[in-house]
Every structure is written in structure tokens, then in C-alpha cells.
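Structures given as C-alpha cells follow.
In the two complexes that follow, chain A is the common piece, with chain B as its partner first and chain C second.
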Partner chain A sequence: MKRYYPVIILFITIVVIQILTFVTGKGYMLTQLTMSAYYVLVAVGLCMVMGYAGQISLGQAGFFAIGGYTTAFLTTIDFSDKAGTAIYKLLDTLGLLITKETLYGDTIMHMSPWVSLVSAVIIAGITAYLLGIPVLKLKGHYLAMATMGFGIIIYRLVLGTKIFGEADGISNVPSFTIFPGLELSGDFSTRISNYYIAWLLVIAAILLMVNLINSRVGRALRSLHGGEDASDAMGVDTARYKVIVFVIGAVFAALAGFFMTHYNGGIGPSEAGVGKSVRYVAIVAVGGMANIWGSLVMGLILNFLSLRGVFGHFDDAVFGVILVVMMMFMPEGFIRIAVYRDIKSFFHKILNRRKVEKIKLEHSHE
Partner chain B sequence: MSPEQILQYIFAGITVGSIYAFVAIGYNIIYNTTGIINFAQGEFVMLGGMISFTLSKFMHLLPAIILAVLITAAIGGLIEIVFIRRMRKSSVLGMVVVTIGISILLREAALYIWDEQIRALSFFTGTEISSVNILGARISPQVLWVLGVTSIIVGGLYLFFKFTLTGQAMRACSENSRAAKLCGIKTDSMVNLSFMLSAGIGALGGCVVSPLTQTHYAMGTDLAIKGFIVAILGGLGNPIAAVAAGLILGLLESFSISILPMAYKDVISVIILLIILVVKPSGLFGSKQASSLKDF
Partner chain C sequence: MNNSNIIMRIENLDKYFGGLHAVNSVAFDVEKGSIKSVIGPNGAGKTTMFNMIAGYETPSNGHVFFNDILITGKKPWQVAEHGVLRTFQNLKLSNHMSVLDNVLLGWHSLGSAGFLDGMFSSPLSRREEKKAKEAVFPILEWLNILDLKDSEVGNLSFGNQRAVELARALASNPSMLLLDEPAAGLNMHETTDLAKRIEKIRDQGRTVLLVEHDMSLVMDISDEIVVLNFGQKIAEGKPSEIQKNEEVVRIYLGGDDA
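Right, the complex of A and B next:
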């Protein structure tokens, strides 16, 4: 039970933040908080790959894009003129076609987002599996470059392919009705419910990971990080576990991409860029690598500030500074108990010095 | 395709390949002395082009380029002292992250010092429309400059590493830095020298190709990736093989444009990287035995 306390605290915090924004009349902030939640989901998945399995991935934005573009592509094809085709009949009998009226009174039919949700997860999972088997045999620089290479391929493909909208991306992605009354969209009226959808998704992901970390798989992963050869020698199937974690991280990223695309109503190639992948790595690094809660808190803070435009022109520079400073001075991350201990002892020292000086002064007066 | 056209593609490929080779040589020099892949290598090329462009407004081209190379080399040395030296004991993962961070900082600094405009040095000889006729193909004289400088650098490096005491000391560091230290070689200054050397070479490359390919503050990332592909293709740690690999990749890219859309050009080279990494990580010219001893 104890392992769930932080999850409960997280849930309470989420509710408190929502109430605070409501009370103070800053409801508009929920939009950025919702988007941050989806980026946090990617970071949490990457935290598993980097922190627990010890494998760097500079291609996480590629998986995000796979999720986003899959749904954007599938749900924007108009089926109304394809009435006779086999795929139309199949989708129609399954009730997976949604009819809608456009602004100009034309009827369009598009695929249900449920289909694209399943497709996005499957495509991202299979891609990660096929990529992971050869690539995760590499280490260090080679692994970093290979995953970055994957990210670049995805970026170039979406940027250069006409059906993915080239530099414009895909817009007019329909909203996703999860069940009647609950809609995933960026519409003003659904802002609060969308905030909860996003964060409940993050909580679900974290519950899954907390359980995974404290299971046989989690112990195997930690041994992997500690020393791959040693855990190999103890009979841990290191290659298999690495691929499993890589696939989980990729699916998290694809889910985030899927939800974000429906929330924003579109996706552009910048979401697939290498810069985004580097950001996810930066967030996990600040969070302390093998620390889901660190990744969550730092992911929320940094993404929220970045989306609110607090960093202004220095947006990229801030993430660069974070990467360098964290790795040089705090490779264990910012969110950890030792830091508080250091801060505490630092203040103790200052206070004590004052006391000592006071005593000295008093003595000299005598 | 007519023979002249093929020749034209070959020259274009060799030019692009030479740029990649410049970056790859830089990777190799630093890798040899430290075991680090410096992801900021592409930024040195950008800095070379940018600084020489600014300086060329105040002086002749030649002193501007020399000064730009020296300044960039100093920046490289400074980066080593400030960042890399403290990180010596950290993991490969940490090094990857730090050098990526440094590359972002250099890029952002360039954006604020200059701006997002594309700049180009003036042509060394002639103008953008002057051309030389070689066997029917018409090429810019700047291409000959690029090829000339590349050959001089490769030859110079070969002589430096083979015959000078400093070069031999640097090679000793790459063989076994502990043993080198015991022999009285100042390994710290050798590492520093390797950063200065590769920054300087990158900057020189940036100056020579600037009239042809232009200089942009964000050009470093693409170059870093292409340079890495070339370094791996040739076998990590072998600067001379990097030139051959650079030419191969340049030619492949230039001919791929005639078959595939331009937008997919980068996809091809990245796929080559993935194939090489999986099938033969020691590279085309590297020995399998030697690479299995290295710690990646």
C-alpha cells in the first residue's frame, strides 16, 4: 500500500491545482497544464528506459510523432465518397465510422479515433520492437546516435511526405468522444474535463510503472543498470528486458502523441524534431534518471513554463543550460533527498556561523 | 545520364563529402585522446563560417580565415577546460548529454550574436558565376579550393601524428592514457590540444565551404549527424579513413538525388548509419578485433 501514497498525493495535488486555477480565475492555465501532462507522459516512459534500463534514447519524439500522425492521418481521411470499398463496409458494419457535418453543410465521414488509437499503439509498439532488437545491442554513443537516427528518419519522412502535410502538418483532426459526454478536444467548454483526462492518463501510466518497478521485471532492470555483464551472468535475459522497456517507453510516447493531437486538433513536423527528443532527455536528467517522480515534477514545471513562454527567446538555451549544469554538478538529479539534506546543512552552517560570531562578539565586549 | 552529367554529380558528391570528412576528422581526433564523441563538432564548422564572415568585413579574406580558425580553436580549448575536464570520470551517457547540451548552447549563442540569416563568405577566387571546365563538367573554382584544403589537412595530420613528438604523444594517449601519463606525457594538455585541433579543423572547413553551402546558425546538428555517420563508416578513431568514407557518403547522397526526392536525402544516409551500426560497427575500414577492445 505504501507505494501508492505518492500516487494519492499526486491526485490530490492535481485536484488542488484545478481548484486553485478556478478560484483565482486563471482557468486559461489549464490548457498548458494539460499539454504538459502529455509531455510528462513521454518523459515518464523515457525515465524507465534511461533510468531503470540505463539505455539512452534520443528518438522519443519519433514515437510521439508516430502516435500523433497515425491518428491525424486516419481520422482525417474522408470516407463519404468511398462507400463501395471493402474497408468502408468493414468499418461501417463495426460502427467505426463517424458522420459529421462541416461548416459548409457537407457531410463527411471519418474513421473512429478508437481505430486510430489501437493502430497508433500497435504501430509504435512494433516499430520499437523491430528497432530495439538490433539497436539495443549497441551501447553509449552508438546507441545515442542510432536512436537519434531513427528520430531523424521519422522527422524527414513526415516533413517530406505529401499525405502527412509536409511542413504544414495535419490540421482539422476531429475530437475524440471517449464515451458520450466525455470528449477529448481543445474546445473551451471541455477544458476542465480534458485536464483530468490528461492527468488520469499520467496517473495510470505511473501506477503501471510503480508496479513494474517493484516486480520481477523491475528488479531485473535495476540489475541491468547496475551492471549488465553481472546481471547477464546471474541469468537475467538482459536483451529481452531492454527491448520490453524500450517498447513500453515508445508506447507511452505514442499515446501522448495520440492524445495531444486530438487535444490540439492537429500535429506538425516540429513535434518530431531532434530538439524535442533532447528536451525529453533533459527532463529525465533533471529529474534524476531513475526517478519517476523527479521526471514528473520537472517535466510539469519545465514544460509548463516553456509553454507559457516564460523563457521567451531563451527557450532552447534554458534546456541546454539544464543539460550541462545537471550533468556536471548533479548527475543524480535535482529531486532527491540528498539535495534537501545539503541545503539544510548549508543553512545550518550559516546560522551556526552567525551564532559563533555573536558569541565571539559578546566575548570581545567583555 | 550523359558522362558530363555523371561527372557533375561526382564533383558535387566530393564537395559535400569533404565537408562531412572535416567533421568526421574532428570527431576522430577527440575520440582518440578521450574516448568521447563530441556532439558539438558540427557547431565548430558553423562558428568558423560565422566568425570569418564577420571578420572579413574588416580585413582581407586570408587573415580573417586564419583569425577565425584560431578563435574557434580557442573556444574548443575553453570548452574542454570548463566542461569536459570535470566530467572525466562520468559515464558515457553523461558525456553524450553534456556535449549535446554544449552544442545547444553554442547554437543559441550564435543565434544571439549573429541572427537567423544565412551568410556566405565571398568566393576565394572569382565569383559565384565563374566556373572551370573539367572534362566537360563545369565546376566552381571553390570546389577546387575545398579539395585542395582537404588534401592538405589530411596530409598534414598524417605527418603530424607520424613524425612530430606532440603527435606521437597524442597517439600514445589514445593507446593507453595511463601508460602515457607514466611516461611523462601531460595527458591533460594533450586532451586540450585535441579539442583545439579538431575545433580549428572544423572551423577551417566551415570557412572553405561557406561560399558554396552558406553558413546558418542551426547548420551544426545536421553536420554533426552526417559527420558521425562518416566517422562510423570509416571506423571510429581513423581520421584518414574518414575522408574516404566521407567521399563515399557524399557520392551516394549526390546520386540519390537523381533517383529519389530531395526530401529523403537524409533518410538514406541515416539508414546507412543504422545498417553499419548493426552489421559492422567497426566500420568499413576498421578491424573487428580492435573495435571489440574499445569501450563504447
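Right, the complex of A and C next:
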């Protein structure tokens, strides 16, 4: 039960922030807070892969893009002129075709985002699985290079493919009616509900991961971080566990991509860039590596500042610098319980030195 | 296998590292519920043999049978699932995890809750967590590390870390323990404790295969001893026999007058 307290605190904080923005008349900030939530979701997934299981991935933006582009591509296909096709009939009988009127009064038909949601998750999951089997045999910077290579492939793919809109990306992605009355969209009128959709998604993800960390599988994953020999010797199928946690990270990223795309009404190739992947790694690193709450807090703060434009032209540079500084001085992460220990031992050292000097002084007098 | 009292049969194990014949046709049986030690000078091939039994190295030739099941060629985690658990000469612990979590990791192979069970904290998952804790607390208590259960393992003394490793291995309720130099780095007092503990482990019905440099420990607790030299078995027998074996005395125990 104790492990759920932080989740409750998180929920209260989210409500308080919403009320604060309302009271102070800064409701517009909810837009950035909502987008931050989706980036946090990616960071939470990466935290499991990198922080807990110790497997670096510089390809999370690729999975984000898979989620976003899958839904953007599928839900922007107009079915109104495809009445005879087999897919039309199938979707129609299942009740998964949605008819809408555009701004100009034309009628369009697109498939339900539920279909693309399932597709996005499955495609990202299978990609991560097939990529993970060979790639997760690598360690350290070799793994970093391989996952980065994957990220670059996805980036070039969406940038160079006509159906993905090349440099423009895909726009006019329809909103997603989760159930009547609750719509996932960037529309002004749904700002507050979308803020809660995003953060409840994060809370759900965190709940699942907090449970996982404290389970049999979670211990096995955490033990991977310190070297696989121990896990192997205790009967942990390390190869399988690494692949599964990699799939979890990818599915979280794809979900974030899916929701963000419907929220923004589109997606562009910059979401797939390596720069974005570096951001996620920087967030998990500065959040304390094996610390899901650190990833959440740092992910929220840094993304919010970035989306508010606080970093200006240095946006990507800020994350790069954070990563370099972290790797040089605090490879274990910034927010960690050990900080308390370090401070304590530092004072111990100072006190002991005083004692030693005092003893030396007494000896020199003799 | 005719003799049902044999828990592990090692048949003509060979290992080449390039041109080096590290282990040369070594064969011996391990009796159920006994302490068997493998001794020999540095480089005799003891640890290589251990690694082959536990699945960390594939033998160039030969087989290892555990309870009549062929375990050579299996992966380390599969060997562990069969109930053969090893400890490491240089300790392989998860230093960033607590003592309790390390020891609970040892229980891993007895459980079956998967990812989804863990994520949704399913009844199976909760039941297993409870069972695992009930199983490991007595072990922690027996090895005098119960008070340390919430400490990070990396901060413990070497002796306590060795105890954690032993506790972790015992948590899986192994039928056979492979102990790779468990006394290395321990002081006299801790070594005496260790000897008592290993004997106790045997008295619980477990089989122990021991690689050890500390001669007095080996002679005190072993039921049988195998002596390796340059990858070959040169003697096998009871401690009293080994102590009298001239070749062993010449090659190993009294190396400097050879």
C-alpha cells in the first residue's frame, strides 16, 4: 500500500495545478502541460528500459513516430469514395467508420481511431520485438549506436515517404471520441478534459510500472542493471526479459505518439528525430535513472519549459548539455536516494579531518 | 546411471581455449547429500569446470548429467531452474539493490508470475511475493543478515556480501550448490562459521560441490575430494586418502620440494 502514496500525491498535484491555472487565468498553460504528459509517458517507458533494466535506447522517438504516424496515416484515409472496397465493408459492418463534415461542408469518412490505436500498439510492439531480439544482445555504447540507427531509419523513412507527407508530416488528423462526450482533441473547449486524459494515462502507466518494479519480474529486471551474470545464475531468462521490457518501452512511446497526434491534429518528422531521442535519455538520466518518479518530475519540468519556449534557440542544446554533464559527473543520475548518503559521508569526512588535525596538533605539542 | 545415490555425473569433460587444454577428460560422480571438493593449484581448471557445469561455458567434449538429465549445453538460467545454483568467486550481486531484494531474486526460479501478473499485481503475484518472503526470512536470520535486509548490498562488508550471495543461492531451495571459493576474502572467524554453515546445508539434504583454496576448510568438511592439476584429475578420494596420496602431496600440498 505504501508504494501507492506517491501515486495519490501525483493525482492531487495534477488537480491542484489545474485549479491553479484556472484561478490565475493561465488556462493556456494546460496545453503545454498536456503535451508534457505525453512526453513523460515516453520517459516513463524508457526509465523501465534504461533505468531499471539497464538497457540504453536512443530510438524512443522512432517508436513515438510509429505510434503517431500509424494513426495519422490510417485516420486520414477518406473512405467516402471507397464504398465498394472490402476494407470499407469490413469497417462498416463493424461500425468502425466515422462520418464527419469538414469546415467546407464536404462529407468525409474515416476509420475509427480505435482501429489505429490497436494498429499503432501492435506495429510498435512487433517492431520492438523483432528489433530487440538481435539488438539487445549488444551492450553499452554498441546498444546505444544500434538503437540510434533504428531511430535514424524511422526518421529518414517518414521524411522521405510521400504517404507520410515528407517534411510536412501529416495534418488534419481527426479528433478521437473516446466515448460520447469525451473527445481527444486540441480544441479549446476540451482543454481541461484533455489535460486529465493525458495525466490519467500517465498515472495508469506509472501504477502498472510501480507494481511491476515491486514484483518477481521487476526484481529480475533490476538485477540486469548490475550485470547479467547474477540474474542468469538465479534462473532469470535475461534475453527474454530484456526484449519484453524493450517492447513495453516501445508501446508506451507509441501510445504517447498516438495521443499526441490526435491532440495536435497532426505529426511531423521532427518528432522522430534523434534529438528527441536524446531528450528522453537526458530526462531519464537527470531523473535518477532507476527512478520512475525522477523521470516523471524532470520530464514534466523540462518539457514544460521547453514547450513554453524558455530555452529559446538553445532548446536541443539544453538537453544535450544536461546529458553531457550528467554522464560526466553523475552517471548514476541526479535525483537519487544516495544523495542523502553522500552528503552525510561528506560531513563525516570534514568532522573526521578536524579530529585528525586536532590529534596531530596535540602530538606536535608534546 | 545405476547408482541412484549419484546426483551428478561428470563424463570426460574437455575444454580447449585455443591451444590450451584447460580441462582434460575429467570425470567424477557426486553423491547425493555429500560435500565434494575440487582442489588444485592455480590454473588447474577448477573454475572452468564450474563454468561448464553451470552453463557459462560449453564443453569442447563430454557431458554433465544432473539427476540423469543432460545439463551441458543448457543456458545458465536453465541449469538454475533444474536446481543447480552457483555462487561466484568474485561475488556477482546486484549492488544497487537491497539485501532483501537480492535474496528474493534467488527465489525467482520457484515462482511463475509474469509481466502482466506483476503489472496488475494479480492474486498469483501477491501470493508468490508472500510465499517468497516467508521462504527467505529464515535464511536471512540463519545467516545473521536479517538486520541488514533493507541496506543496499554495495555498502556491506565483504563478509556480509558473501553471506548475501549464499542466502540468495539458498533462497531457490537448490538440490545442489556450486560454491566457487566461498572462503576467499574471509577472516579465520568467518571461515569457521562458513564451514559450519556448509555442513548444515549438507545436513539439510543438499549436495555441495566446492572449489576452494583453503586447505584446512576443505579437509575439515569434505566427504570426498577431487584433485586437478593442469586440467587433469590426478586423484580422488576421502580427505584422509588425499592427504596420504604421494602425487598430490608432491604436486600440490608440498609444491616447493618438488
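Basically, the second predicted complex is superposed on the first by the 336 of 366 C-alpha atoms of A that agree within 3 Å, B and C clash if a C-alpha of one lies under 4 Å from a C-alpha of the other, contacts with A are read in each partner's own complex, and residues count from 1 in each chain.
Here is the rule we use: a contact is a pair of C-beta atoms (placed from the backbone, for glycine too) under 8 Å apart; a residue touches a chain by one contact, two chains touch by 3 or more.
As the structure is a computational prediction, the values presented were derived from the model and not from experiment.
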Which partner, chain B or chain C, touches more chain A residues: B
First, second, both or neither for A:D232, with chain B first and chain C second: second
Touching partner for A:A220 - first (chain B), second (chain C), both, neither: second
Partner chain(s) touched by A:M328 [first = chain B, second = chain C, both, neither]: first
Which superposed partner A:K26 touches (first chain B, second chain C, both, neither): neither
First (chain B), second (chain C), both or neither touched by A:K89: neither
Partner chain in contact with A:K139 - chain B first, chain C second, else both or neither: first
Shared contact residues on chain A - chain B and chain C: none
Chain A contact footprint on chain C (complex, rising order): 54, 56, 75-78, 80-81, 85-86, 88, 92-97, 101-102, 104-109, 111, 113-115, 117-121, 125, 128-129, 132, 168, 172
Contacting residues of chain B [partner chain A, same complex]: 37, 83, 86-87, 90, 92-94, 96-98, 100-105, 107-108, 112, 221, 225, 228, 232, 261, 263-264, 266-267, 270-271, 273-274, 277-278, 281, 295-296
Touching residues (chain side chain A, partner chain B) in the complex: 50, 54, 56, 134-135, 137-142, 144-146, 148-150, 152-153, 156-157, 159-161, 274, 278, 281-282, 285, 313-314, 316-317, 319-324, 327-328, 331
Chain A to chain C touching residues, read off their complex: 208-209, 211-212, 214-220, 222-223, 225-227, 229-238, 244, 248, 290
